[in-house]
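One structure, pasted below without further comment.
In order of appearance the chains are A, B and C, and numbering begins at 1 in each one.
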Amino acid sequence: MTSVPTATAPSAPDTAPTATGRIGTGSRGTRILGLVALVGIAVATYLALVSSPPDENMGDSVRIIYIHVPIVVVAYVGCLITTLGSVMVLWKKSVWWDVTAAASAEIAMVTTALTLVIGMAWARPTWGVWWVWDARLTSTAMLLLLLLGYLAVRRIPAETSTRSRRAAIVGVLLLPNVIVVNRSVTWWRSLHQDTTILNTLQPKIHDQMAFALYFAIPVALVMFAWLLVHRWRLAWMEQQLEDRELDQAISDRRAEAASGRAEDGPR
Amino acid sequence: MEPVVHLRSAVSLLGRFPALAGVDLDVMAGEIVLLQGPNGAGKTTLLRTLAGLVPVVSGTAVVLGVDLCRDRRSLRPRVGLLGHATMLYDELTVADNVRFWARAARSSRADAEAAMGALGLDGRLQDVVVAKLSTGQRRRASIAVMVARRPELWLLDEPHAGLDGEARDVVDGLVRHAASSGATVVVASHELDRARHLAGRTVTIVGGVIAGSGAAPDVAVAAEPSTLPMADESTAKTEVHHVP
Amino acid sequence: MFRDALLVAGKDLRIELRSRIGINQILPFALLVLLLFAFALDPDSGVLDRATPGLFWLAVLFSALLAIQRAFAIEAADGNRDGLRLSGLDPAGIYLGKMAAIFTQLAVLELVLGVGVLVLYSAHVTGWVLMIATCVAATAGIAAAGTLYGVVAAGLRVRETLLPLLLLPVLSPVLIGSVRAFEAARNGNPGEGWPWVGLLTVFAVAYTIFGAFGFGPLLEES
């Protein structure tokens, strides 16, 4: 090694930090992404609320799947990215992936919490209870807890390298844990007959409903991407700031040593 | 001959703080080197870096033929570090501790027994639980652990601290014996008088950088902030520094 | 690696024998949990009886948290982490050794808890083989995952609160599996229980392997 390592990957392409103006995480790329997301959301909302038909059994309350399912997909994609990123952190010691894993997990946590809230908001008018111990809802609750655990490790008071490494180990296991928990809970709940309440209320997805649903999912993913890019850039800039402080600290230390010597020097 | 320790512009971090900000150091086999400098200068970090515990983020660092930038783990069993912490298990006896660490380092039982004997820890004292020992006894036990591992490089951080006169003589004897058997010793100490008799050479570190190096008897350098240094022009390589 | 594991396991168990924290504190805690369950669930109502397998394993899980914290608190004292790094011990060996020591302590705990449950909850025991196999597989899984997440939390100021948050969600499949297996044993259908033992075994093996590899990087600079 011949130089103090600063961020090893090239800085985010479209970021325009200037010496004068405010530094933001926006750029042409994210503005386009954001626009696409907004338009998509508008269209998806129309499809969900207006043009798609209500379900035979559930009536209009079936429309909740147009937001519920995409949000869940986003949560799982977020987990996947976090696990992938954690693998890269351990394998290639990549700071870029470390930041990605952290940002992705944060967004996944929010969307998971949202999923649970939406699920509960749906359960109440539909079945009269706030919570049922069905496989999906229970697994989602466990997913939230696993994510909270990962995020707790990201916040520990320790040095960056320690924190990244420990978080990476937990992150690598995130998706496997999610899968194992999911399988166990599903297997367990399938032994009981409580799930009949859900089975009878399973919507049959017709063409127009399918279209609305399959449209909503990519829209949600675009929104996720937009959030991810912004969160990533924020974290990246924090990282760069830390690195710059480090370089400053090294030169300060050297100056301290030199002045200690220069004051008298060889007499 | 290859130096046992070879550092060039080595930078080590304690978290974000560059405890070593560009150290140049060469130590040959069999040398006993005294490392001195004011508090916070980086003595402890330098010793820990030489032990392979602290990563070197830039520069060159080769110890016992091992490149510290690449592989620190293989170096560690060959090095003995005596630091401020005792590295002993409080719940176990002296004998348990020495034997455990010795076996971990693949040393023989005989080495462990010999080390305990050399430090006066044989007999009744062996079976005392570490928690019940005095500070001096604990220190001796830590030293016994280090000696039992038969390291090629001895790194001693304030080895005389907490020991009475007799124990200090024992430690000095062990150091001299180790050096004459081919091991290399780096001692960080504030007790200049005693340490200077032991060491063949003195190296001074200030602000994370080596500030001076010279034959021990010739260099008188202030270790504490309050004392003034004496300039010595007899050795051309010697740089003397004020500690403000 | 195995030689180092034996050395470390021996050391940990010797410390436990000398300090007797497990016997004096963790075991009573487990029995206390059993009693508290009885207070909460009114022995007369029959709930306690039906819930016995679950309560047993909950008591084991909570006690395991204490045992794992203890296993790493030993190393937190006075530079022992540095000592382990300097020692030349194979990190995978250290992992296996610590895991084995935790496994042993939990096994003893489960034995005593089992007796406690038999006595306190008037439980009936059938399906011995299934139950013992469940205990072995589940305990191995708890020890394996626990040692790994234990070192993630080790040495941190927040370790007491972080470890439960990390470990309990991860161990929920173990809880589900072991309780179902126990229930199957009690109901006299061991056939339903063995698949769960399979799950527990896969869990234990997977975590042991991952833990052995992951322990090294985690032991580095705290």
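Keep this in mind: a residue touches a chain if its C-beta (ideal position, glycine included) is under 8 Å from a C-beta of that chain, and two chains touch if they have at least 3 such contacts.
All values derive from a computational prediction rather than experimental measurement.
Asker: With subunit C excluded and the rest untouched, write the groups of chains still joined, or say one piece.
Answerer: Taking subunit C away leaves a single connected set, one piece.
Asker: On a CA-centroid basis, which chain has its centre farthest from subunit B's?
Answerer: A
Asker: For subunit B and subunit C, let me know how many angstrom lie between their CA-based centres, rounded off.
Answerer: One centre to the other, that is 40 Å.
Asker: Provide the C-alpha centroid distance between subunit A and subunit B, rounded to the nearest whole angstrom.
Answerer: Taking the average C-alpha coordinate of subunit A and of subunit B, the gap between them is 48 Å.
Asker: Quick one: report the Å distance separating subunit A from subunit C, using the average Cα coordinate of each chain.
Answerer: Once rounded, the distance between the two centres reads 32 Å.
Asker: By residue number and range, which residues of subunit C touch two or more other chains?
Answerer: 221
Asker: Residues of subunit A touching 2+ other chains?
Answerer: In subunit A, residues 159 touch at least two other chains, as defined above.
Asker: Which stretch or stretches of subunit A touch subunit B in the complex?
Answerer: Touch residues, subunit A against subunit B: 1-5, 159-160, 242, 245-246, 249-250, 253-254, 256-258, 260-261, 263-267.
Asker: Touching subunit C in the complex: which residues of subunit B?
Answerer: It is residues 51-55, 76-77, 79, 81, 83-92, 96, 100-101, 103-106, 129 of subunit B that touch subunit C.
Asker: Within the complex, which stretch of subunit B touches subunit A?
Answerer: It comes out as residues 11, 13, 15-18, 21-22, 56-59, 69, 206-209, 211, 229, 231, 233, 238-244.
Asker: In the complex of these two chains, what residues of subunit A are touching subunit C?
Answerer: 90, 142, 145-146, 148-149, 152-153, 156-159, 161-162, 165-166, 169-170, 172-173, 176-177, 180-181, 183-185, 188, 191
Asker: Once bound in the complex, which stretches of subunit C touch subunit B?
Answerer: Answer in residue numbers: 4, 7, 11, 14-15, 18-19, 74, 77-80, 82-83, 85-89, 221.
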